[in-house]
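Supplied in structure tokens, the structure appears directly below.
The first chain written gets the first letter, and so on, giving A, B, C and D; residue counts start at 1 in each chain.
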Amino acid sequence: EEFLAAFQARIDAELKIEPNDPMPAGYRKTLVRQIAQHAHSEIVGMLPEGNWITRAPTLRRKAALLAKVQDEGGHGLYLYSAAETLGVSREELVGQLLSGKAKYSSIFNYPAITWADIGTIGWLVDGAAIMNQIPLCRCSFGPYARAMIRVCKEESFHQRQGYEIMLTLCKGSDEQKAMAQDALDRWWWPSLMMFGPHDADSTHSDQSMAWKIKRFTNDELRQKFIDATVPQAEFLGLTMPDPDLKWNEEKGGYDHGEIDWDEFWRVVKGDGICNRDRMKARRKAHDDNTWVREAALAYAEKTAARETAVAAE
Amino acid sequence: MPDADLKPETLFKYVLRLADDQLILGQRLGEWCGHAPTLEEELALANIGLDLLGQARSLYSYAGEIEGKGQGEDDLAFLRPEREYLNALLVEQPNGDFAVTIVRQVFHAAFMVPFWRTMTASSDETLAAIAAKSLKEVEYHLRHSSEWLIRLGDGTEESHRRSQDALEELWGYASELFEMDALADEMLDCGIAVDAAALKAEWDATVNAVLERASLTRPMDSWSQSGGRSGRHSEHLGHILSELQYMQRTYPGLSW
Amino acid sequence: MPDADLKPETLFKYVLRLADDQLILGQRLGEWCGHAPTLEEELALANIGLDLLGQARSLYSYAGEIEGKGQGEDDLAFLRPEREYLNALLVEQPNGDFAVTIVRQVFHAAFMVPFWRTMTASSDETLAAIAAKSLKEVEYHLRHSSEWLIRLGDGTEESHRRSQDALEELWGYASELFEMDALADEMLDCGIAVDAAALKAEWDATVNAVLERASLTRPMDSWSQSGGRSGRHSEHLGHILSELQYMQRTYPGLSW
Amino acid sequence: EEFLAAFQARIDAELKIEPNDPMPAGYRKTLVRQIAQHAHSEIVGMLPEGNWITRAPTLRRKAALLAKVQDEGGHGLYLYSAAETLGVSREELVGQLLSGKAKYSSIFNYPAITWADIGTIGWLVDGAAIMNQIPLCRCSFGPYARAMIRVCKEESFHQRQGYEIMLTLCKGSDEQKAMAQDALDRWWWPSLMMFGPHDADSTHSDQSMAWKIKRFTNDELRQKFIDATVPQAEFLGLTMPDPDLKWNEEKGGYDHGEIDWDEFWRVVKGDGICNRDRMKARRKAHDDNTWVREAALAYAEKTAARETAVAAE
């Protein structure tokens, strides 16, 4: 009781919690789950974009895409490290991903089927991720907050890069414009779903808000994202695939149409078009390369043994 | 600046050979994306791939300038038929398991380190500058891939077997790297090119040292393949190109 | 001849859906060439692939006539962007191991047998004629792939496990075959199309009978995927197209 | 002695030897080796052409190519069956191919890298094969002779089809013509090598001629092939890649330049550009599918056991 109150007081005073600080079990558990989920999302998120590295239309775009996917791997690394400070190993977390126990962002269960999808993923998916992540830079847990600062910087670069791909397409041929519009049509609703269920239906929100793991509600973040994105779409000359989308002068933001939550839950539960392919790809990468990790371990042990032997002489 | 009697076509072709090597190997490394043995290695393979793509871009741009027909890096990278790609056969070989990828990289990097080092003294300033930048990159590639080969060779029984198999599988493709022909000789006489044949001793020393530390056996020089420098490829290249060129072939002449 | 109020675009699209299914599955079977489990099966897979290609050719030619813009079978087969291919997701799924290929074929053939049988009564004479010819072919496909599935299911422990895994892997793609939409309904009303939804009972009976003889368990209807009929594909199709279209994209407008 | 003389008399009388007839061990051994090698060539020969099935430029060509490769598989089947009549199983023969003990035609160690190669393989490789095979239709061993009659009929269809591809290319664009010329340049010499070493250097020839397994020498067949092919190339408007090729009025045939026998032996010994890929592909097909063959066998045994049980009731 007293401990919880003191902990909450630290949080309220905007002091950072560090790995060795005492913390409530629930706080630790929530953070591990969230950070791991975030790390897994970065790793799985490499797949839809990775699908276009061999086919990128120019060398400049190929290099930028490869670098972007590499950044995502890097984010995965920081995040697994941040989770490890809470006493859970990367192996364990990866095991949870591969067994299907841990979740990752459902957006990556949609396929990247045209080059415009690469632009759209940067523009909308990274854009939505940034909205979620900027407040996390002030998260009460120090290692997560610090990882997020670095991640956000790179994500916003990716977001601009994605938007720039869209701009190029929208200034291009009719085919390119159609490709851009089609990608927006397919990714817009899923990107709104990235913010999670409406506040009224969100389970973990209140406690996370109190602990300052979360600083805005799902609906608040979604609203910010819509308000930021609609003018960008207008600038591109693209049409939002939502006939109910319109400016609401009173609230100073856009109203939007009904989100298809059935689809959201279907994909979360594993029934998106790519869920199976994503897990198959991750498991295959893991299983096919077990021998490599074993070799690295065996070599490290041999080397350590040799060094000990030399030191003992 | 190139010699007075040097034909621009000769230099153009020489630079294309170099560019194609780096592009095709970079493309192969890109195929690993999302499938590497560890997250750290995911980043390392992407890193090496990025370096190679960067080198290819500088080389293609320069080749386009030499040719003087307004072809840019993308025209040269994406719009030639298979028979005009001039890369060595080594770099188009499939990724195979991780051991094959690592052996291919060791072979390539152990050649490119002395190659770029020598090229820094080229009378062609552009090539000399590309060489200086690339040298640092391939030194890292060599270090990274050698360390892996040592780990794999001296790791478990399985990893030893796989890396020895990979060595045998790729050994005969290494010799093409050292081949000189009339075109390369002409470039050498002008002080532009590197005498690739003369780099064999250093390559041997580098590779032998790695193999020794890795407890691996140097394969016999019982076979060798070449043809890439004159565009005679294995059947693998065509499949690489069908993906590489897809967008440019499908939507010609657009900006992306 | 089609109904008076029927829009040619509707019929065009309906025929394309059918054509794309057969082309893409035929292309997948072509990938087995040289890699099949036995020489006899090498011939059988090629045979099925040839039948499907033949059906696709008749359908594309007819689609081109309906459209009336001078597009021939090759224009339609090779020159559309990915989003305009209308095949079901089932047929673009990778070959996987032989069990996956066989399960995919059983699912497809168990649907096409009643489909073509019903289509023989179409008011569209061309489709009715194609149906009559195709029916005999898919009856053989169904027999051949069912026999294999029974052998695999009732063979060894490993083959049983692999075929059960293959069933689970592809199960959710079967339901798309039975989907009707506004376009298909309109065609049905004109007496041209088949009511795909009404074929589900026969498909179930066929598949259940095979599974029983194979000692395999019918998977739960716990998931399903669709989107192919409106051109929303998995990531696999793009890679199929980069090979399929390569020559036509690279050398547009030539005769081969 | 007496038996050998009687056997030779049968041969000389152009009587067919059938599987159950007595025959010299050497005759049997030569035939097994030759028929098996021929069968293996059909199987390995599926690979270079198979490489283009997914990329054939039109649906008509795709179907024709798939059908052609299927025919080759069929030839492999007849030929293995013909070899089996001599008491050696298909498994054993395939085992010899996969272990590298048995040879196959070296021509298939050259890569099919452009579409024109598909035309050229049909025109030259099938053309050369027919030259070799037509006399085999009169081979003294009955099953082989009968298999050859069927094979030759199909091969000559393939040869015309290949020539027709070349004709289309040669009537096409400059790129297509260049593609056709390039393919001829690469395949001409290897196709001359298909007839084997010069008669003076050929080891098995004399006995095979006496046994009427062979009816023409390597050089005779090569000469026939050249004489038939040169006018076809002229009709296509292609240039033979042999500056020494010229009509010799006196012998009524073409003289040709020196064949690079070093290359021939290098490729025979395993060092052609595709030898390793071909063997890898065949071994992989065999190894990856062992479980399928085992399943088929297990099922056949179970079914037989069930039938026996039913019959016993």
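Side notes on the structure shown:
Here is the rule we go by: a contact is a pair of C-beta atoms (placed from the backbone, for glycine too) under 8 Å apart; a residue touches a chain by one contact, two chains touch by 3 or more.
The structure presented is a predicted model; accordingly, all values stated were derived computationally and were not measured.
Separation of chain A from chain C in touch steps, taking the shortest path, is 1.
With centres computed as the average of Cα coordinates, no chain lies farther from chain B than C. Pairs B-D and A-B differ in how many C-beta pairs touch across them, and the larger number is found at A-B.
Distance between chain C and chain D, defined via averaged C-alpha coordinates, is recorded as 35 Å. In this assembly, the C-alpha centroid of chain B lies 42 Å from the C-alpha centroid of chain C. Multi-chain contact residues, meaning those touching two or more other chains, occur in chain A at positions 55, 175.
Of all residues in chain C, those that touch two or more other chains are 81, 242-243, 246. Taken as a contact graph, the chains fit none of the simple arrangements: neither line, ring, star nor complete graph. Working note: touching chain pairs come out as A-B, A-C, B-C, B-D, C-D. Against chain C, in their complex, chain D makes its touches with residues 43, 46-47, 50, 53-63, 66-67, 69-70, 73-74, 76-77, 80, 115, 165, 168-169, 171-173, 175-176, 281, 284-285, 288-289, 291-299, 302.
Those residues of chain C whose C-beta lies close enough to touch chain B in the complex are 81, 239, 241-243, 245-246, 249-250. The touching residues of chain B, counted against chain D in their complex, run 81-83, 89, 169, 172, 223-225, 227, 232-235, 237-238, 242. Contacts from chain B toward chain A in the complex involve residues 23, 27, 30-31, 33-43, 46-47, 49-50, 53-54, 56-57, 60, 73-74, 77-78, 97-98, 150-152, 154-156, 158-159, 162, 243-244, 246-248, 251, 254-256.
Residues of chain A that touch chain C in their complex: 48, 51, 55, 111-114, 175, 179, 182, 186, 270-271, 273-274, 276-277.
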